[in-house]
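Here the chain labels run A, B, C, D and E in written order, and each chain numbers its own residues starting at 1.
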Amino acid sequence: MSRFYKKTSRKTGLSPGSLIYIGKEKREKVKISLINYDKEQILEKKLRSIEEAFAYEDTLPVTWINIDGIHQIDIIEKIGKHFKIHPLVLEDIVHTGQRPKTEDYEDYIFIVLKMISFDDQKNHILSEQVSLILGRHYIISFQEQEGDVFQYVRERIRKTKGRIRDSYCDYLIYALIDAVVDHYFIILEKMGEKIEFLEEELLENPKPHTLENIHHLKREMILFRKQVWPLREVLNSLIKDETELIHEATKLFLRDVYDHTVQVMDTIESFRDVLSGLLDLYLSTISNRMNEVMKVLTIIATIFIPLTFIAGIYGMNFKFMPELEWKYSYPILWVILIIIFLFMFIRFKKKKWL
Amino acid sequence: MSRFYKKTSRKTGLSPGSLIYIGKEKREKVKISLINYDKEQILEKKLRSIEEAFAYEDTLPVTWINIDGIHQIDIIEKIGKHFKIHPLVLEDIVHTGQRPKTEDYEDYIFIVLKMISFDDQKNHILSEQVSLILGRHYIISFQEQEGDVFQYVRERIRKTKGRIRDSYCDYLIYALIDAVVDHYFIILEKMGEKIEFLEEELLENPKPHTLENIHHLKREMILFRKQVWPLREVLNSLIKDETELIHEATKLFLRDVYDHTVQVMDTIESFRDVLSGLLDLYLSTISNRMNEVMKVLTIIATIFIPLTFIAGIYGMNFKFMPELEWKYSYPILWVILIIIFLFMFIRFKKKKWL
Amino acid sequence: MSRFYKKTSRKTGLSPGSLIYIGKEKREKVKISLINYDKEQILEKKLRSIEEAFAYEDTLPVTWINIDGIHQIDIIEKIGKHFKIHPLVLEDIVHTGQRPKTEDYEDYIFIVLKMISFDDQKNHILSEQVSLILGRHYIISFQEQEGDVFQYVRERIRKTKGRIRDSYCDYLIYALIDAVVDHYFIILEKMGEKIEFLEEELLENPKPHTLENIHHLKREMILFRKQVWPLREVLNSLIKDETELIHEATKLFLRDVYDHTVQVMDTIESFRDVLSGLLDLYLSTISNRMNEVMKVLTIIATIFIPLTFIAGIYGMNFKFMPELEWKYSYPILWVILIIIFLFMFIRFKKKKWL
Amino acid sequence: MSRFYKKTSRKTGLSPGSLIYIGKEKREKVKISLINYDKEQILEKKLRSIEEAFAYEDTLPVTWINIDGIHQIDIIEKIGKHFKIHPLVLEDIVHTGQRPKTEDYEDYIFIVLKMISFDDQKNHILSEQVSLILGRHYIISFQEQEGDVFQYVRERIRKTKGRIRDSYCDYLIYALIDAVVDHYFIILEKMGEKIEFLEEELLENPKPHTLENIHHLKREMILFRKQVWPLREVLNSLIKDETELIHEATKLFLRDVYDHTVQVMDTIESFRDVLSGLLDLYLSTISNRMNEVMKVLTIIATIFIPLTFIAGIYGMNFKFMPELEWKYSYPILWVILIIIFLFMFIRFKKKKWL
Amino acid sequence: MSRFYKKTSRKTGLSPGSLIYIGKEKREKVKISLINYDKEQILEKKLRSIEEAFAYEDTLPVTWINIDGIHQIDIIEKIGKHFKIHPLVLEDIVHTGQRPKTEDYEDYIFIVLKMISFDDQKNHILSEQVSLILGRHYIISFQEQEGDVFQYVRERIRKTKGRIRDSYCDYLIYALIDAVVDHYFIILEKMGEKIEFLEEELLENPKPHTLENIHHLKREMILFRKQVWPLREVLNSLIKDETELIHEATKLFLRDVYDHTVQVMDTIESFRDVLSGLLDLYLSTISNRMNEVMKVLTIIATIFIPLTFIAGIYGMNFKFMPELEWKYSYPILWVILIIIFLFMFIRFKKKKWL
């Protein structure tokens, strides 16, 4: 269940703003990359220390600092000091169990998103926190580990053409959010295929394993939903927000992401409905099969138990059993047995059991 | 499950406004038709290229350009350029996985609807995206393929009489939306008949097949609901919208379509409730039948197993079994067997098992 | 399922305002009656043509025209022309599949209600559309067929005393709506009795038939709810509406009907809950009974199958079976059989199966 | 089901404001009592006629008239005339099937509450209507029959000390509502104990009777909820209402009752959840037991049926069966039987059926 | 069920503001501790009587009085008198069955929270009421018994550094609320582990015990939810409240706690969903197993019952049974038996029962 919340007990009792990294322990060094661009120029760099980044802040209009890895608290602290970020924001960045949310601090907007990926080996959903800080001339993005979702955004920046180079930070933040949301569709597709596969399996040859898979998928859906649900609110408040940091023109684009988010939610709900339907179907199928099994048993037992009883009667060793002495007893008995058999058979036919 | 969402992974990573057609691949040429009319005149034309259409824009007050097929990106792009349509709108037109929605861009209103049809062979619902652009003097409608739903609207335009010829673009857009929504009732009717048929089958002679059909219909209902649900919001915002593009008088008509949409939703919900009821009924019926089967088995077994035991006793070959030698053992035994039989029979009668 | 929506396919493709009667075909002549009254005078008349009614419009302050039967389109059209009713309203009057709703057209208010009756033979709910037009000095009511629900209102008008004669059109419209809503309680009472009967049957002697009846009632409840649910909204908007057509004093009375509607909804919801409970109870009862049946079978089989086996052993014809020759084999065997029997019996007692 | 609504058919067709008592028929005389007090004085009286009460109206600041029994219409009518109460209010007082509600008529506020009691014999909830009229200097309370819930309020008035004597009518009305709501907790407690008892019974020794009790309690919960649910709204509108009749200071106290009401609703919801859980538990327990029973049957049958077959083989009377003649056939057979037995036994052990 | 509400019947009939302690009876003396601090100074004291505390009120800017134990009514009364607390507040403090809520009395804000702990022995959730009064220069906190949740806050105060010493009462109240909410996560963690354990047990080796545990956890979740749900509202109204007692800067921190509360609710809901899923899984697993059991029984019975019948036939003692005399009867019979056996076996294979 630990994927449903982050262990926070380690943190209990600390004052707010205490930067304690909450997440899996990691050893790799944090990677810092910087992209600095306007319509004509572009500068891309891997940095060794965060201080290098501060120099670029006031050069070209858009500065995007991407931090892959948040387990080095000192980097976060330095960023906090330099950009005057509220301690609660810094805390939320490293404490990765946040709900998606947005907070407007006038000078900058803080956005928390969840990146969803699918672990094919463990066969379950993984969620990673992406924190974004949108300042007037800079964007800082924090990922828990190096990912490739922002790769496409980077490529679009590198091409001289395209709206992204004509626009400012707010458009870049839209592009980043859009990249995260677009990625959800890939997960949905995977889920959809799994559901389709389960449905076919269920209709053709249900196994106990099928049940476990339905249950498993249902739980993953609960988890997925939990991560995506608040995003709607996030985008809505970004659109409604009367901040100077986001231009009207960009809001049209954010509205587009909002639409996508709603679509993701709709599909998740539909999937949940379909999975519930599959579970019902599974239960009904089992009941049906049980019924089949019981019918076979009942038919066999009902036909042969009385016959066996009659055979038993004439297997008795009483001295005085007149039937035993008669000449045609045996063939007559066979006739009787066959009549009983046919009678039973016809009754079952009538009851549509056969 | 792929009917629940459109594959979008192909598109991931592209900048917004990139026109990539999302849908089944098609080879047929896109069909462009134009109707240009006012109260007295009417001009109807099949066009070979979209450029021809642009000439008619400023002639008669209402120009309706209908595009059947959206897989030729260049046509969409030309329209976009000529009518100054926002790139996001163009993207939504070709990316057919949109939710029904409306967006007001001051100079024009963009509306996305879902046309629902029923594929009798595959026995499932098909949804097709209809995009409408309402400008001051023009309407552009995009369908995924040639359909006949707008046919009735065309015929009404052709007749000189009728409100449609007295009115402007906003009334025509109403007529188009109305045509789409009216079509939903036909699907509902089909669904209703199927449900009725299933219900009868269930009460008279349920088969495993019945269960699958209920499940199937339930899933189609989920899909139908998903496509129609947002329409309510669409119509509501068209009615509430303070745009100059829609006259007050037309809003009365839109309110009428809104009522129809609510009716469609109500009926879908009722159908879902009825289908859930059918599933419960099916499960209960199976349980009932199982009960019947088990009773028969139990009655037969309970009566004959003890009798067979007694017959077995006197089938033993012990040398010293006094009963075997007695003269009336055999008839006495029969009396005992019949008494046991009657006793059991009466008990079952009392328990109302017979 | 056709009771859940009206067949509308006949109408698809027509322009709005086209008057096509949607409902069962009828041959009887439409009945038109008129009541014209003020505090002191009253005039009641059966009319042969609708034109006769128009003459009375400006005489006494309240003119109530009641139309029983809406299948004669020309009457509706004449009314429409004379009172300047919007074509959409006329369409809604004859197209009886409307949701309950109210629409304010300044000069008049259009109200759609559903009259519910119970068909004892088919054992299901019937819903009939009642359309009301409230003008400044007139009320026009349309019923699908002659009914007796408005009879009580007529009688109250005939009595010289009573608030109804002191008041204007708005109070009469309240009286008509109230009559319709009051009628719902009679249906609820019938439903309630049926549920009570089912519950008793279920607790005393459930039959497969009981299940079908629960299912049937549940479906009727879905239908009932669908017809009544929107009424709440209708009354609310009548109360909130800032129209001159309804006086403040009358709104107090409308609030009273509103309360009744909420009560009807509450009771429907409770009935649905109770019916769901009954279904659960039915399923559990069946499971319980199955358990009983299985226990009997298991007890009998578990006791006698081993005993029969032992009897079978000594029924074998081996030449060399020492036990067969012993003198006390037979009585000893009986002792053994009885011990086994008692052992089994005690075990079942302990397991509380007996 | 009649406890879910009041029979109203008797009333259908009457004009509003017609005072027809709806409820059980009663013969006892209506009891009228009066309490008249201010900070220093208090006058308590049992009245023989309602007219006596009217004299006290303008003496001390708070006059509380309590009417136990509403089946004497003339009393209600006299009150109505004297205090100028709207006919709809009078109707609602005698027509006891009202939903809890509050209506502000400027000069007075009309409040309908439900008093809940528990009938230990019939083992179900009883609901009684309490109507309160809050005027500027008087409160009139109507109960269906003499109850003791208001007794505590009376006692508090009698004591010279206490806020109630310092305050006005609005505080008294609060005290009365509070008394009614406080009484709900006693019912909840009773319900809670019953649920706890059922749960223990279910875990230790479930019987068919347990099921009926769960079902019964669930239905009572539906009824309880129905009666209390609207109260929230009632209190909320009393608090929000901008009437002069209720002072700001008293609203604090009403807020307190509101909190209690929410608590009652919360607990009812929790109880419903717990009861649903119990039902699931019951069903699962039955399934578990059935499983146990079936296992026993299957083990016995699976072991002994094959053994019996083998014994049957050697019970056959063929002349030429070589085994019958062999010397060690019988002991060898026993060995074979025991081997089969052990083999089966071990298999069941492995499957964890034993 | 008594954990779902507090016994209040003892209190019924008392006037509001009567201080009657509702909770378990206790004997220990109430512990009063005081912390008085500003940026530079700090004074910590255990007090013997509450009067001692009043002296510190106006010294340093923040005075925090913590009362462990609320069963000594006189202490509460003295506090009430000294700080001019509304009697309803005092009542709510000692009557521990309150819902979490906040009430703004201008001079002070009253907050009720629920502290949740987990009783490992009884294996269930315990809820304890924490009441907080936030005045301009003082905070009074009431706990039902001595706990350690506020210990961490105390330690943070003791350290000279940290925001808490720079801030005022409103920040301290935030710290206290935060401590309570943070503690919920520990409970969630425990619950999560239990669910995870149950799920593994269910998939590997479900026992009747597993069912009871799922049921138990579900009920605890209902209880947990009931205690936490209203907290959202509480924090929201603290944030929205236009009181001078809470500074804007502190509201940022309260928003943070609000986020945590939403997270707690989200997780509770997810856990409830997962538990429902587990129950379904359990039921399906049982059905599956039953199916397995029944198949074994049916296979054995279906194969051996007919064979036994045949053996029974030739065990009959008729004088004239030609087969008995034939030489190869016995081997031929074996062949027939084996053929029947194989036929049955193959049929079961085909049906996939084997």
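The definition used in the following text is that a residue touches a chain if its C-beta (ideal position, glycine included) is under 8 Å from a C-beta of that chain, and two chains touch if they have at least 3 such contacts.
For clarity, every value in this text was computed on a predicted model and none was experimentally measured.
Undergrad: Which chains make contact with chain A and with chain E at once?
TA: Chains touching both chain A and chain E: none.
Undergrad: Same or different interface residues for chain C and chain D, judged by whether over half of the residue numbers are used by both?
TA: different
Undergrad: Roughly how far is chain D from chain E, going centre to centre by Cα mean, in whole Å?
TA: 25
Undergrad: Between chain B and chain E, what distance separates the C-alpha centroids? Give it in angstrom.
TA: 41
Undergrad: Could you check chain C for residues that touch two or more other chains and list them?
TA: 283, 287, 290, 294, 297, 301, 305, 308, 312, 315-317, 321
Undergrad: Which of line, ring, star, complete and other names the graph you get from chains that touch?
TA: Contact map by chain: ring.
Undergrad: Taking the contact definition as given, in what order do you meet the chains if you travel the ring from chain C through chain D?
TA: C, D, E, A, B
Undergrad: Hey, which residues of chain C end up touching chain B in the complex?
TA: 1-2, 4-5, 7-9, 11-17, 86-88, 92, 97-99, 101, 103, 205, 208, 211-212, 215, 218-219, 222-223, 226, 229-230, 279, 282-283, 286-287, 289-290, 293-294, 296-297, 300-301, 304-305, 307-308, 311-312, 314-317, 321, 323-330, 333
Undergrad: Could you please specify the touching residues of chain A with respect to chain B in the complex?
TA: Per the touch definition, chain A meets chain B at residues 151-152, 155-156, 162-164, 175, 178-179, 182-183, 185-186, 188-189, 191-193, 195-196, 203, 252-253, 255-256, 259, 262-263, 266-267, 270-271, 273-274, 277, 280-281, 283-285, 287-288, 290-291, 294-295, 297-298, 301-302, 305-306, 308-309, 312-313, 315-322, 352-353.
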